[in-house]
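Consider the two complexes below, in which subunit A is the common component and subunit B and subunit C are the respective partners.
Presenting the complex of A and B:
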């Protein structure tokens, strides 16, 4: 890509951010004393459910935790609530983003989080979710399952790191 | 007396250093958030199971045995990182009503967890989850959400943190 198309891409992103943060819903969140913290709390509650259910499956794949005699299919029972948590986290996250979209779109930590780390973590997450029933019922957890579980845990930790760094780099 | 203790904490050289450089302050935040997700997440899973909206085919005792150790490990990390952040600006948290509310709600939430952990084995042997078990589980969910709201209100309302 040459310099001018990079620039026009960045201009487009900034233009979009400017448009989004001037939408009535974004302005009303930004202008209210109580709305912003409640949106933040929604994002964190969704994340607790999403990350909590993810880590429970990952740790069980890695084989840390109490062993039970019967194969324990934790991934299947958590599936629905895992995606409910995801939906809540995305909704809250989008609203937080929309309040100052222009700033977020020029923040390297945010761009890394959303453009690289979350897509990677999500792809691995979906692969694990599809494979987990098979891995969990195997007499011996295959080593690929342990590596995948460990990688997913670390990836979500990287996502949280990038998120915390947003105000530090901006 | 308490204010004196806060000032002493804040002036402690270790506390000042760990809150003073941006990378260590960011590391504290990362640990605090991530351990919060694991702690609240694993508790919500057990609460939802007690309420009967999740995995009714698995027994609650087995699920609780799996998740409670992680809840306690992450609570320890959460408390430690939270305490270090508190200590860094202890005098600003002293007299901060919203922060006291956060601590009170969190304490109640932990108490609800302890009740669930102590009782889940008994409840599980009954033909159906008793109403008061569901009430405790529901209260636990509300208290954790309340703790998160109080947590974000501390900087939002008081500008501290």
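Presenting the complex of A and C:
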């Protein structure tokens, strides 16, 4: 990529951000006294529904908690719900993003969170989701399972860190 | 008789707390607040994210095939663990801004909701859970009530929490 195409990409992003944050729904959230915390709460509730059982599974893979009461059965039953929680988090997140899209699109913490950390965490999460039934029935938890659990946990920690840092970095 | 009694003024205590070196450090340092906030959010996701599934099971909205006692056994320890992380990190967040918390209505509401959520759990264990083995045939209305209350209270805690941060 030469300089001009990088520039036109950046221009497109800024243009899109500008367009998005001037949409009626984004303006009405930004202009309301109470909507923003409610949208934030929606984002938080969705991410809780998603990440809560993920963390429980990760910790069990690492070997923390009673093995007899590991949450694998539940996480399998909640497979569809797990992704519904994710969808709620994404919806809330998109609304938060749209309120000041232009700023977010030039914020390094936000870009790292969305472009790098979340995709990585999601890939690992899907791998764990598919492999967990096999790992769980093994008499001894394979070391790859422990590493995967540890890595997913750390990745969600990084996602949360990046999210918290968004207002701190320019 | 006019004896000067040592009166305990809560606001005086809050002001004193606000001026302690640790509080000033947590408030003015660059790193303490974002680090503690990150831990608090992850702890929240963990505890609320396990407790809500438990609540939804009590309401018979998810995992109907799994016995209630199994769901409680598999989720409750995690919910409690996440709650301790949240409580500990939350206490530090309060310590970083005692006066602001004291003066924020949303924060006061949050504290009340947390106490109610705690009482709800206590009530569940003391008065409701004793015959949990029979619940798969017939879920008692008290168990459903505890589940619904818990859902509402925790949603309220999250909303009030965001509201506190917003002002």
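Going forward, the second predicted complex is superposed on the first by the 164 of 170 C-alpha atoms of A that agree within 3 Å, B and C clash if a C-alpha of one lies under 4 Å from a C-alpha of the other, contacts with A are read in each partner's own complex, and residues count from 1 in each chain.
The working rule: a contact is a pair of C-beta atoms (placed from the backbone, for glycine too) under 8 Å apart; a residue touches a chain by one contact, two chains touch by 3 or more.
Here the structure is a predicted model, which means the values were calculated and not measured.
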Do subunit B and subunit C fit side by side on subunit A in the superposed arrangement, or is it a clash? clash
Between subunit B and subunit C, whom does A:77 touch in the aligned arrangement: first, second, both, or neither? both
Of the two partner chains, subunit B (first) and subunit C (second), which one does A:45 touch, if any: first, second, both, or neither? both
Examine A:59 and indicate which partner it touches, taking first as subunit B and second as subunit C; both and neither are also allowed. both
First, second, both or neither for A:164, with subunit B first and subunit C second: both
Scan A:37 for contacts with subunit B and subunit C and give back first, second, both or neither. both
Please identify the positions on subunit A that touch both subunit B and subunit C, taking each partner from its own complex. 36-38, 40-41, 44-45, 47-53, 55-56, 59, 65-66, 73-74, 77-78, 81, 85, 156-157, 160-161, 163-165, 168
Complex contact set, residues of subunit B against subunit A: 22, 26, 29-30, 33-34, 36-45, 48, 54-55, 57-58, 62-63, 65-67, 69-70, 144-145, 148-149, 151-153, 156-157
Residues of subunit A touching subunit C in their complex? 36-38, 40-41, 44-45, 47-53, 55-56, 59, 65-66, 69-71, 73-74, 77-78, 81, 85, 156-157, 160-161, 163-165, 168
Which residues, counting only subunit C, touch subunit A once they are in their complex? 34, 37-38, 41-42, 44-53, 62-63, 65-66, 70-71, 73-75, 77-78, 82, 155, 158-159, 161-163, 165-166
Enumerate the contact residues on subunit A facing subunit B in the complex. 33, 36-38, 40-41, 44-45, 47-53, 55-56, 59-60, 65-66, 68, 72-74, 76-78, 80-81, 85, 156-157, 160-161, 163-165, 168
